[in-house]
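This is the structure I have questions about; it appears just below.
Chain naming follows the written order as A, B, C and D, and within any one chain the residues start at number 1.
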Amino acid sequence: MDEFDVETLAEPALTDPVLVEGLPGVGHVGKLVAEHLLEELDSELVARVYSEHFPPQVNIEDGRAKLASAELHAVEADGRDLLVLTGDHQAQDAAGHYRMTDLFLDLATDHGAERLFALGGVPTGELIDEYGVIGAATTDDLAEELEADGVEFREGEPAGGIVGVSGLLLGLGERRDLPAACLMGETSGYLVDPKSARAVLEVLEELVGFEVGFESLEERADEMEEVVQKIQQMEQGQQATDDDLRYIG
Amino acid sequence: MDEFDVETLAEPALTDPVLVEGLPGVGHVGKLVAEHLLEELDSELVARVYSEHFPPQVNIEDGRAKLASAELHAVEADGRDLLVLTGDHQAQDAAGHYRMTDLFLDLATDHGAERLFALGGVPTGELIDEYGVIGAATTDDLAEELEADGVEFREGEPAGGIVGVSGLLLGLGERRDLPAACLMGETSGYLVDPKSARAVLEVLEELVGFEVGFESLEERADEMEEVVQKIQQMEQGQQATDDDLRYIG
Amino acid sequence: MDEFDVETLAEPALTDPVLVEGLPGVGHVGKLVAEHLLEELDSELVARVYSEHFPPQVNIEDGRAKLASAELHAVEADGRDLLVLTGDHQAQDAAGHYRMTDLFLDLATDHGAERLFALGGVPTGELIDEYGVIGAATTDDLAEELEADGVEFREGEPAGGIVGVSGLLLGLGERRDLPAACLMGETSGYLVDPKSARAVLEVLEELVGFEVGFESLEERADEMEEVVQKIQQMEQGQQATDDDLRYIG
Amino acid sequence: MDEFDVETLAEPALTDPVLVEGLPGVGHVGKLVAEHLLEELDSELVARVYSEHFPPQVNIEDGRAKLASAELHAVEADGRDLLVLTGDHQAQDAAGHYRMTDLFLDLATDHGAERLFALGGVPTGELIDEYGVIGAATTDDLAEELEADGVEFREGEPAGGIVGVSGLLLGLGERRDLPAACLMGETSGYLVDPKSARAVLEVLEELVGFEVGFESLEERADEMEEVVQKIQQMEQGQQATDDDLRYIG
């Protein structure tokens, strides 16, 4: 295996596809959106990227081993072509992030991509009710477009910049004159967050021009809701017990 | 020294050998099996692999220094040829894991290996009585064979995937169309576990078709049993002392 | 992108420019001086250096993404040409530090630089009133010049040597016969320190021969002063509360 | 600068020199011996090795910056030629250790070295009175010679093997058929230990055949003795205070 190993599985003819990146990150927001698109829409696996910059690991699904990889899917969304990039891992080192992002950009432009959206979450540190979507872009035009679709641009946010592939898709995309934006759904940062993913997806629909159902995301959100409630009950129960003990003591 | 340095010590003529990997890992299960095979059966050291991806270290045995390496042994088991891969170290970085596994696969296929078994342990987090063996494979045929010999395939296990050379032998083996399986003995994860090694070895015997005595593994198991009992006594003694102190206090 | 990617933005004709380095470090002293020079004097952005040795990150300013980089500016200071090197990041690994410093020295000598000053802070571990400037140099001539301008040379200081680009500019500069010195302003080490930056800047003015106003640095110093006072008040308040509690308890 | 940069400063004609390595390590035992040899005997600096595997750092001596390096000195000891390797740093990564040791071996054999002694300390975890010297060697002949000069070979010691350049000089030296041994002075592991260094030096004198005075090592030992006493007094004083407090409380 070389530093990167691209396994090409299909050569679809796409029309001005939009690259949509949803790798693991804060609240798994980007990954949830990417997975939802693959679940709801017709898609074709275009390429798998293996790399020694990924963890030295196989995942096991139904007893079958699957080498760590990122996957590029061609997705048709109401007549618009998407290239959806997702996977289970990020690179494990700085140089790996840079080189892998460069490779993703090569793949995307080889398929004719002319713009890209990197999806992720921005941690707020507390449970939230209203899921805002924060933006960053490489061009004024794209920033205006985002604002028109409800994306917020807040001064000094995100404070720590954008790290990993999502950030570098913007940084390296700009250096290639490929208009790029990052959509970051607000999320507590503590839990997988399907509601934040829905907020990001709604913006993406507006920006690209397509519609999908939200049912499976809602189901996942309900499941997470139950998890949160159980945790809260456990904490309260714990507190009760603590109080009892104090009382006894 | 180059990145990898293969010292060839023998060129045995082998018939369809099976690669058996037992490098250090959870409960040292894989390594115990590999060492047991070398102890019980006729074997010949085929090659040593040195690498700057190993720790910068020599081990000392009887005052003699031995540079960190992995070793490939040809072993004859009831007429079946095995290639047993073992050693004292894993690679220290992600790229090292990938490249070293590729090298091991090169060596194995150079010697005609057509299938491989990676051996290891899967941590349960508690002391156990019944030592199940969990499996993962790269082909349906091999998975069926494993199941027929008592290997369990449990949904979502091992949860964290398989890390290191064992995992990559499956992931990179599959990419070379080399049928590969991982046999993981259940083990607490806290101690070197000869009983888990025996469970794995019994499955391996069935799969490959050979028999070895278990005496030395049983002796090691008895030794570990004593260690466990001493630890438990110490803990109970400690607790007794704590109680006394509380009582006095 | 390659390991390093130099984006050349201007080719100014400079006369015996002095390289002044102010990358992030202790108390951000060097960076504050570099930024102050760019704020107060006429400057032109000469080059941006991108590198996979920087963190894989974009910073966000007004919703626009900016890939991690170091910047080289040509600055005119009372008829003297400066090359001011600054940025938001240091390299993330040892080899990156060495290679990036070598590249900075290449850029500087390509523009005719014949001496260089690396700026930084030296931590004292306590809040201070008098801001001494400690020096280190690669030649006796330069050391004498520094001493004449009030820089102190103290035996065994800084105890841990000088780490990062500032240190290597001296170490690698000396190997190229490029006279180099490091000016280190004393600073607590806990806070961004504009007062320490001013002390370093005053020495630099003497050494190179130029003058700038200190107003904006003084404003920043006043802001920091307020921050320090608030922290002290909070600590005292906390202590008061603690006393109360103890009293009550 | 390349990965390694060897600055050659002299080309002495040496007769069967012995390489003596004393880089920083446990108790700084090896480094103390190397420094003592350079202090007591006639020596000439032969080469400096710079490397991006060293920390990105300059040390400051009398205000002058000195780039991290290892140094090779030719030393004449009662008619025997030594090549003494010392410095302030070890490599910072595994590959660096391997490659740097290979380079040191190249330098040593270029100068005709036919055997080598790596010096270090072995931690006992407690303050000690009798300073034994533990050994490891690459050949039986050398091991016998060491034993004849009072070096101890203890089964299973040192338990964790020998790490860093000292270990690899044996491991890689053996692969080049260069007889190599490691002399490890017992030391608490908590302090710089001139007494342990003296014990190692006495063995080295026997092995190579030379004599040096120990005065400066004894002075250093006395200094350390005072440090230890101060620490003990502080601990006792602390305990006294604690007792007082308890009594008062």
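The working rule: a residue touches a chain if its C-beta (ideal position, glycine included) is under 8 Å from a C-beta of that chain, and two chains touch if they have at least 3 such contacts.
To keep track of the chains, here are their UniProt names: A, B, C, D = Proteasome assembly chaperone family protein.
No experiment lies behind these values; they were computed from the predicted model shown.
Note on connectivity: the fewest chain-to-chain touch steps from subunit B to subunit D number 1. When chain centres are set by their Cα atoms, the one at the greatest distance from subunit A is D.
As for how the two copies subunit A and subunit C face one another, under half of their interface residue numbers coincide. Annotation, subunit A versus subunit B: rotation angle of 90 degrees from the Cα superposition, expressed as a multiple of 5.
Once the centre of each chain is set as its mean CA position, subunit A and subunit C turn out to be 37 Å apart.
Averaging C-alpha coordinates per chain places the centre of subunit B 52 Å away from that of subunit C.
Subunit B has no residue in contact with two or more other chains. Under the stated contact rule, the graph of chain-to-chain touches is a ring, a single cycle where every chain has exactly two partners.
Interface note: chains touch in the pairs A-B, A-C, B-D, C-D. Those residues of subunit A whose C-beta lies close enough to touch subunit C in the complex are 91, 94-95, 97-99, 101-102, 135-138, 143, 153, 155-158, 161-165, 167-168, 170-172, 174-175, 180, 182.
Against subunit A, in their complex, subunit C makes its touches with residues 1, 3, 5, 50, 52-60, 62-68, 92-93.
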